[in-house]
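The following pair of complexes shares a single chain, chain A, combined with chain B in the former and chain C in the latter.
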Partner chain A sequence: MTATIPLDRAKRTAPDRPRHVRRQEWAGYLFLSPALLLFLVFVAGPVVAAFVLAFYQWDLLTPARFNGLGNFSKMFHDPLLYKALGNTFIFTAASMVTHLVGGLLLALGVNRLKNRFLSYFVRTSLFFPFVISWAAVALLWKYVLDPTFGPGTYYLHKLGITPPNWFVDPSWALPAIIGIDFWHTIGFTFVIMLAGLQTVPKQLVEAARTDGAGEWQILWRITLPMMSPTIFFAAVVTFIGAFQIFDPIQIITPQGGPDNSTVSIVMYLYQQGFESFQVGYASAVSLLILVVTMFVTLLQFWGSRRWVYQA
Partner chain B sequence: MKSADQVPALSRRGMLRMMGVAAAAIPAASTLAACGSSDDSGTSGGGKGAATLSLAYLGDASQQAAFTALFAAFNKSHPEIKIKANGIAAGDWATFASTISTQLAGGKKYDIVDVATEGQLLMSSKGVLAPLDEYIAKDKAVVDAYYAGIDPHLHDWTRKYGSPDGKTYFIPGGYNSMALYCNTEVFAKAGVTLPASDWTWDEFKAAGQQIKAKTGAYLISTGDGSFPFGDIMPWLLTNGTSTLDADWKNPTLGSPAAVEAATFVKSLIDAGLAPKIGGTFDAANQFSKGKLATLGGGRWPTLDIRRLNLVAKTTILDWPTKAGTKGSPIGWDGWPILRASKNKDAAWTFIKWLMTKEASEFYAQVGGTNIPALKSVATSQAFLGNAPKGSELLPAAIGFGTPIPSPKQGAATQKVISAGWKNALTGVKPVAEALSSASEQLRPLL
Partner chain C sequence: MGVSSMKRLVTGLVLLLVGVLMLAPLVWLIVQSFTSEKAALGLPPGWLPKPFTVDNFRSIDGLIPFGRMALNSLIVAVISTAGSMLVSVLAGYAFSRLSFRGRDGLLLVMLSALMVPVQTTIIPIFVLMRHLGLVDHLAALWLPALINVFAIFFFRQYFNTIPRELDEAARIDGASHLWILFRVIVPLSGPALAAMTILAFEASWNNYFGPLIFLTNPKNMTLPIGLVTLQAGQSGASIVVFAAITAVVVPVLAVFLVFQRSFVASIASSGLRG
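After this line comes the complex of A and B, so read on.
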């Protein structure tokens, strides 16, 4: 004989959780709701709006008109979009290389400092620029590199070097911004790398040393593999941040630099949306940014299987 | 075919609401963006009683004080009408127009927006302004008296560039021109006599060379082109050309006269008479320290000159010319009422008050940054008192001035013009190539 549970009883069983559990669930939802609300209003909502607007022509003030795939096909024939994408990829690649290598080297160096006071001082000094707003950093460097009065220009002249007019020369404007970005944000990567270094098991290092491994071998065989999840995290975060670069470029070279040499893709989006009033096209560009960011990030995750050590 | 006015409309706010709730609703809502209200008759909307006007204007911290005093003075005359003003500290008028457009699209309600030339065509052609013709007809005596008292150019230009469909959307307010503020101490120290009236580019440059040699001061800060009104237009207009033609339909930035003007400005930088572009040269500060001989500007530098106690040491002169053709850009305020306003009567009361001599004099005295539209005020002590010698040249420049070209895509146009000029001055491209390339980029924007 087969025992069966009456249907109405089965229905009753699932929700019949203890009262304190249900109360906890409600409390959870309650705590979650502010963040969820903010997410819906400031993230999900704009994403949906951008997706819809990408199929329209809208100049902010007159009625929007359905444009089908017009905005997307326009992207294929827009040389400035390619220029902006190219600039952004150059900036991102340079940013990733300099931040990952620089951050790692700095972390390794500081981690070896024996003097605790010196170690804290260097850590603080390296991280300090990161807490300054981009606006202040941009103006500061614009002053330092002023071609006439800048202290940077003055001292380079003292060293017998004639510096270029950094933000006016098309060959130097983007490298100058890459340099400023490095100065401003390297502290963040450095801190991540330093934290990653603390996760390397000391017994492994000691064992390797006992087995006669040199410092170089320890770095390659122990430290870097053990730090690979941290490096991977830093790579993903740096890519996403660098690909959205906007503030320093807008402040230092507000028109996109000489010959559009510093126009980034996000700046181009801004120009299209709020200077040319092509909100539909700007929305299409925003979707392109989303797709590129997602694709490269997924590529990073796919590639990580080959080199990231999973404990 | 139905016009935008006739289409059953959802408000812009409604459009945003729909986008937020259901993206699919956009097609149905998309005929409405500009239509805050289907009521665009001039005299309807809002009673004559108490009202709070929402008003936007361009103003940084220094300008906000004068505007606040102006609104307080109005409130004294009309205690029933309060003004809730929003000073937008945009860097230029094109950016201001973009900011306002974005705010309106986002559902922000204004009753009045102080729109300069750079935004007048944009706003009047997008259906966001209410026609003022019925109000003007109702208060014909007041408006006629005002128009009789201002330079006729202001009225004509407002009609030409701010009324794309023949209706009146703006009452012209104060304006600005460009002239040179000269630090007389620097000139005296260098042994250079200021010209009594006109001077040529060559004379100007020769004076600069002497000043540089004797005092080390720069002759002028040319700017990098990001402020076309002051950085570019005076040089073009004093050589008989402009960035666009008179109808703002065709670019003239690549013309030989424009190339000649840019070449001359570049020669000032190359000769060390102007600081290199790409830095953070603070012109007003350097002028006060005697390290800069001249400062280009309209009425607005007078505020700095007063603050720095330089009124007695400064003389205003017309911009030097290539060969005697005087020129100055002119930009003016326009006072419109927004179509979506629920306080149109109160808004008109405020605009009508702005047309009075009392308001004009008051604004000039409290530190207004423009030239009063009423000639009687612009030539009175309210404007000329506590101001550098030669201040009367500022209002006089409207006689030979040219409206600052301001097509609908003002911000995008300005960006192209600025970039082209900057490329020319910095040598990124040869001058002629830089300007003709910019000229070509302008065509699709006009």
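After this line comes the complex of A and C, so read on.
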């Protein structure tokens, strides 16, 4: 693509553009028009509309009222919003650590397996939960952790652990959802890590081994640095997915859990927008989600230049 | 036994345990749904369907229109996937092969939209759908899913790897852009199309946020929201819910087993390229 740019520019500035170039211009717009139209209606337009709505007070029934910065100042003094942000950051941090470390360890382990059947079995069973919808996963785990008949509860007792009443205890509801999320999405991180591991040049590892490097040294000095683009990608994707966590929270704890202990930021947006019909306020919250997502994504790209190996 | 083979054995055993633990909840679910209502959900947990029955599945349809919901899920997934693939292939071709004013700027604007979370656009889209009278219609789900910026970008990148000599040769023979796209480029883009199709279908099939907001009548619901509605309507644990979850999950797992290779490859390729 880069090679063609100067050529086009030259064509564009020429006073008499040849007919086939003009025809190509039209073809370009024509081919792009469905995507462009849909993009305007369902992406760009709604983003602009969200910005506008954030300055209004609206319950969807009575006419909207201009509210200036009211929604934003309300956000600053909203203890529930702070609670939701706190829950979301805890969930995101836990999710990133568990997924990145877990996914990497599992990939390193599976990569060593010589037995083909075992390798297939582990890869498949790790990935199975990811294929299933959150709705099914959330309902299933609600049952697995049920205090009376749940097998999770039963076997924890067998191991001598008395499990808490997960979704009733304010300090355990969010950790339980963190665990369920791990079960559901670890397969995704694992697959990404395993693919990244295949990109590490074998000669490099062999050369280090002949030079007398130990396994540990090879891991830290060769494998991980060579995998850094993969780890970086997995970090960005895990962050975005975790920050926007909603499905299991709404399904398992429809009221937001004991003491609002599971309300995530998106759950809060849903409660405000679609349960209390505070459309303006919910739009302001949605802008906060947008800003944080963009900020962290850009920050990660910026930070990655310091530690990601560029081939 | 040497140290390294000992280590390998331990790694293998640990991973075997992890695999078994990952599968256990699913096995338990499926076993319970085939166990007669009286014996199900017993302690210690049953790992074999004794006594075996399929009655639990028969009761689903009395509570939710399961078949209708499955059809709805299929309709939304097929329309949104096929439609978004068509739109994205056309746009990917424009970005890869055609030159027109503002092309690179437009691509950049679209790419920056990848950072926009669904939650930011959902409220205005809900307002729009209300104006159009599409709330509680399946179109409210598949219409917004027709724009798939990631697929557009993915196709553009993939098309760029296809030698331009091929389409130039076709153009000299008088072929139109549409002909080049569908007879030259698309047939050479099998893996990219497969990857994006799988991801789009999966996203639509498992979507919960959209149906939760747009659909209210059980007859119009898709499976994920239908499952949750079914469960909410039961007091306490009901074995019917287990059967319904099994009926949703098992076909998906079966399809996954058949397409496992391309499914996993699609995830990996989207990661390494994106």
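Descriptive notes on the structure:
Criterion: the second predicted complex is superposed on the first by the 272 of 311 C-alpha atoms of A that agree within 3 Å, B and C clash if a C-alpha of one lies under 4 Å from a C-alpha of the other, contacts with A are read in each partner's own complex, and residues count from 1 in each chain.
By our rule, a residue touches a chain if its C-beta (ideal position, glycine included) is under 8 Å from a C-beta of that chain, and two chains touch if they have at least 3 such contacts.
Fair warning: this is a prediction, and the values are worked out from it, not measured in the lab.
By the touch criterion defined above, A:A49 lies against chain B and chain C together after alignment on the C-alpha atoms of chain A. In the superposition on chain A, contact of A:F233 is made with chain C only, not with chain B.
When chain A is checked against chain B and against chain C, the one touching more of its residues turns out to be C.
Of the two partner chains placed by the overlay, only chain C lies in contact with A:P151; chain B stays clear of it. Of the two partner chains placed by the overlay, neither chain B nor chain C lies in contact with A:T162. Look at A:Q271: by the touch rule set out above, it reaches chain B but stays clear of chain C. Judged by the touch definition given at the top, the superposed model places A:L139 against both chain B and chain C. Contact with neither chain B nor chain C is seen for A:T210 once the two complexes are overlaid on the shared chain. Counting contacts by the rule stated earlier, residues 45, 49, 53, 60, 139, 143, 146, 149, 254, 274, 279 of chain A appear in both its interface with chain B and its interface with chain C. Across the interface of their complex, chain A is touched by residues 8, 11-12, 14-16, 18-20, 22-26, 28-29, 41-45, 86-88, 90-91, 93-96, 98-101, 103-104, 106, 109-110, 113, 115-128, 130, 143-144, 146-147, 149, 152, 160, 177, 181, 202, 205-206, 208-209, 212-213, 223-225, 227-228, 231-232, 237, 241-242, 245, 248-249, 252-253, 256-257, 260, 263-264, 267-269, 271-272, 274 of chain C. Chain contact summary for the complex, chain B toward chain A: residues 4, 7, 15, 19-20, 23-24, 26-27, 30-35, 98, 101-102, 104-105, 122-123, 126-128, 226, 275-281, 409, 411-412, 415, 418-419, 422-423, 426, 428-429, 445. Looking at the complex, you find that chain A touches chain C at residues 1, 4-5, 8, 11-12, 21, 24-29, 31-32, 34-36, 38-39, 41-47, 49-50, 53, 60, 106, 109-110, 112-115, 118, 121-129, 131-136, 138-141, 143-144, 146, 149, 151-152, 154-155, 183, 188, 191-192, 194-196, 199, 230, 233-234, 237, 240, 244, 246-247, 250-251, 254, 266, 269-270, 273-274, 279, 282-283, 286-287, 289-290, 293-294, 297.
Looking at the complex, you find that chain A touches chain B at residues 45, 48-49, 51-53, 56, 58-66, 139, 142-143, 145-150, 165-170, 254-256, 258-260, 271, 274-277, 279.
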